[in-house]
Amino acid sequence: MKIEGVFAPVATPFNDDGSINFEMYSNNLEKLAKTSLAGIVSLGSNGEFAMLSYEEKLELVKATRKELPKDKALIVGTGCETLSDTIRMTNNAAEAGADVALVINPSYYKSDLSDAVLQKHFECVADKSQIPVMLYNIPRNSGINLSSSLVIKLSAHPNIKGVKDSGGNITQISEILASVPESFSVFAGSGGYLFVTTILGGKGGTLAVANVAPDYCTELFEAAKSGSVEKGRKMQLDLMALNNAVTAGFGIGGMKAAMEIAGFRVGIPRLPIQPAPDEIKDKIYKMMDKLQLVGKYRD
Amino acid sequence: MKIEGVFAPVATPFNDDGSINFEMYSNNLEKLAKTSLAGIVSLGSNGEFAMLSYEEKLELVKATRKELPKDKALIVGTGCETLSDTIRMTNNAAEAGADVALVINPSYYKSDLSDAVLQKHFECVADKSQIPVMLYNIPRNSGINLSSSLVIKLSAHPNIKGVKDSGGNITQISEILASVPESFSVFAGSGGYLFVTTILGGKGGTLAVANVAPDYCTELFEAAKSGSVEKGRKMQLDLMALNNAVTAGFGIGGMKAAMEIAGFRVGIPRLPIQPAPDEIKDKIYKMMDKLQLVGKYRD
Amino acid sequence: MKIEGVFAPVATPFNDDGSINFEMYSNNLEKLAKTSLAGIVSLGSNGEFAMLSYEEKLELVKATRKELPKDKALIVGTGCETLSDTIRMTNNAAEAGADVALVINPSYYKSDLSDAVLQKHFECVADKSQIPVMLYNIPRNSGINLSSSLVIKLSAHPNIKGVKDSGGNITQISEILASVPESFSVFAGSGGYLFVTTILGGKGGTLAVANVAPDYCTELFEAAKSGSVEKGRKMQLDLMALNNAVTAGFGIGGMKAAMEIAGFRVGIPRLPIQPAPDEIKDKIYKMMDKLQLVGKYRD
Amino acid sequence: MKIEGVFAPVATPFNDDGSINFEMYSNNLEKLAKTSLAGIVSLGSNGEFAMLSYEEKLELVKATRKELPKDKALIVGTGCETLSDTIRMTNNAAEAGADVALVINPSYYKSDLSDAVLQKHFECVADKSQIPVMLYNIPRNSGINLSSSLVIKLSAHPNIKGVKDSGGNITQISEILASVPESFSVFAGSGGYLFVTTILGGKGGTLAVANVAPDYCTELFEAAKSGSVEKGRKMQLDLMALNNAVTAGFGIGGMKAAMEIAGFRVGIPRLPIQPAPDEIKDKIYKMMDKLQLVGKYRD
């Protein structure tokens, strides 16, 4: 299977009591499945994976696979702090229907996690995983950057098939693209550099903003892929403000607010994370209005 | 109860298959209980708390309380990414015999975790906790610094009784000590600044190096507390090299190597963390030899 | 005048006694002037501007203008720590023949240099400057990042005509391009992102690697400008290793070694900066051999 | 000569037109000379050394020596980006009456400035300097930290007699104190850790806050030196708020505002640095009032 196209890292809706609202979740998936997206990332950072128990995670993967048509790929975030948990989660996710495992590095014990240790870790996971592994680099949250030289070394493993780079260092992304096999998928981890990553040879992206503007994002991706530079540039630049609002700018609260404005229902974040305050919602509303996204995915 | 004195953040021994070796654990506790330590921290960073399942954590707390004489205090690391998990873990730990909950901040969603959000989080935990709460600031690992103004605000809560500061910014520690109530315990989170923290009014420390040199550390603490400046200074400076080796320098692998050299049995770290290589062990051996710690706690 | 195209931030050659070798300098300029470059940056970071006295700087500007044909533009680095020095240097450079002033932010007193203070500073410089001002953002060296919102605000000033961004944060570059007037020139500050910056609407670049591979860089720029995505991508990816070697990787020493290999004569860096050691030179030689750059610009 | 005691890094007063006001400067020195300070640092960070020309620097050194009684030591900041400028400035300062040269590391070309390069640089300066050299570590401003291992190596040079550490990492300060000769002076570079640095064996400090509270700072230092722990602790903690206000908190503008409130006359900072706004001045006034410093040094 090819890991290609634009994926939405779907939000996990929570009820006011903090429990998962599976009805909202399925409803959102149903809508996203009707868009032009290549697939869904479940248990990504935007899905609040770090806030979920092991059991909740598996339930979500099952619910995702159940709702998702066969032609939509399912990437699942499976990385944990320990090697054994990561392998177990990866294979449980595979059994629950995941096509690809998106594996974040362990990160708590930073002074123990050299490039050499991380290399061994990812190789062991890939050896044991029943499904292809995609590396997940998100230094802003994990505090560790997967260096271009590490990613290039890991790209030689037959079961490591790509990297989702949420670091956004385009020099590093270019160094990786210059040295990995053609079959290795480099994904933009944010809508802020989907266009340029694709122009450089990237195969797609998994983007918070694809939760709010899925068709816009795939159209932008296709423009890049087909070399429609004028169109792609314009779409990319028009997306910048909203893209910032739903990730770095206003966090999970911002993304959930934007999804509600677009017509999804996502409840509140899990505590201690807070919903976006009204002034942020107003800002996001205006950004989305400009791109004609308000209410676009309402029932 | 007063939170005071030197605590060892006891290591969690693992077998080669990755399971916890409770026999080694109890044996180490038995030895540490005979030292002059004020108590034990279970599920601290040095106890590899981030590598343990919920069930393993509770088992460890129970095993710790069982082994520990009543006059030794038990502080347990109970912070999780979510508010509800943190409250549950805190009260489960309390029921299993913890005297104090050491609560690290959530850290993954950094752009969602402002001082205001963290304040609310800690206050909710403290409201619900059956035992006193001690804040745990360890920016090197969590990527978030609990600012002095945040800690000072939280010190007003009747059930927040202290902070363990592993940031090591002595200006920040001093700002806190200048503004918190006398009953609020500021702990050094590393042996590198136990002396000066105590001299400034700190009430103790929980120190990786106390796992290897417990009696040395309490003697140093007492020197500081009683104002024996000459003695305390000398002991502090003599401790610097080893202290660096068992924390920032060589990580969990370094600390476990040092504990083995001192005469404890701690097995290996949980994967992907690696044991210290031989050259590091040799360095640590020499440092410990200087302080007459080699084999000091052997059976 | 339009600020457009690829510029080489020419090196300043030093004799063994530390004095400037103007003969080497003029000779290099003569060669660079025969290439397809749009112009030269004198007193850039790669020109060791921070190591030069005020008098040396002016001599270099005069020597550059003298050697440079009229159809080649001359951008001169004129930023100093104080406002008055910056204005004086800028207008002296203008009188000595500079077409554009490249103005780095002051940076030593970081806690005094908020966005508001920097905005006022740049506006005052632009008000007083006889020539157009280009902002110079190089956080790796200066320790301050000119935020996209600051650059966007400054782009409204009639005499601030562009920014050279050496931060390499492509999200930030995109945010700037999304909001500045069409006449405002955004330049890539490194060869690592010349292609994507241009594809996004950037007008050129000033690149260390253009000192070693000037015609390659302009060809890459033209490919991007004309939308030749396939060609541009390939050239960009092929350039990554060498580009890293002459900037972030091996510093001034690396760049000077590469220039010597290409056939320029640049002497040694000014002390305390050291020439590249032989093993680095060997690495760079191999990278340049691959791109057929060895000896390409020899007399 | 011994490098010992508390030094004030005297401010450089500027007129509204940006020129130095030597009358104010001499007047301030006259007052400071009557305090219990061990001496003066001229051309320190707080003296806005980075904003001054070579000629202005020398004039200031001469003015300082002229005003200062023989029993007060004069330390002069002489570090420049190049080796040759640093040596020249150091010996010119020596000829103008400096007792000790305070040498900051070069910092612009960070990727060229490894520990090995910096070691060679400082050794060359010390070889050529007519007066003892004191290392100056201020990572917050320079962006480079002089590591404890580098400082320890340099302490072996017969003409390198100390370090002023403005990094404030007390672990690093302790590592240095554990390994340098007794004759090597470790100075606190901020009032935030004068007490603990001295308790650990430091020989003094050069402190922004000593410009506003010179006698308070020397009394604090003497308490630490003589082992009066209770008194020293109280004085240190009482100083924290003001100390933060005059350095990290409100920058040069804050320090100059505080000096005016204490009764000195310092004019405004040199542009682009701005004077403190009124609300900051009010805050500082209240802090100083608590310590009975308002108007204390008025004529």
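In this document, chain identifiers A, B, C and D correspond to the written order of the chains, with residue numbering beginning at 1 in each.
Keep in mind that, in the parts below, a contact is a pair of C-beta atoms (placed from the backbone, for glycine too) under 8 Å apart; a residue touches a chain by one contact, two chains touch by 3 or more.
Worth saying up front: this structure is predicted, and the values here are computed from it rather than measured.
Chemist: Sort the other chains by how far their Cα centres are from that of subunit C and give me the top one.
Modeler: Centroid comparison gives B as the farthest chain from subunit C.
Chemist: If you average the Cα atoms of subunit C and of subunit D to get two centres, how far apart are those centres in Å?
Modeler: 35
Chemist: So which bits of subunit B are touching at least two other chains?
Modeler: Residues 248 of subunit B touch two or more partner chains.
Chemist: Spell out all pairs of chains that touch, sorted by label.
Modeler: According to the stated criterion, the contacting chain pairs are A-B, A-C, B-D, C-D.
Chemist: Considering the complex alone, what residue numbers of subunit A touch subunit C?
Modeler: 168-171, 174-175, 177-178, 190, 192-193, 195-196, 199-201, 227, 229-230, 233, 236-238, 240-241, 243-244, 248
Chemist: Using the touch definition from the top, list the residues of subunit D that touch subunit C in their complex.
Modeler: Subunit D reaches subunit C through residues 18, 45, 48, 50-51, 53, 81-85, 106, 108-113, 117-118, 120-121, 124, 140-143, 248-253, 269-274.
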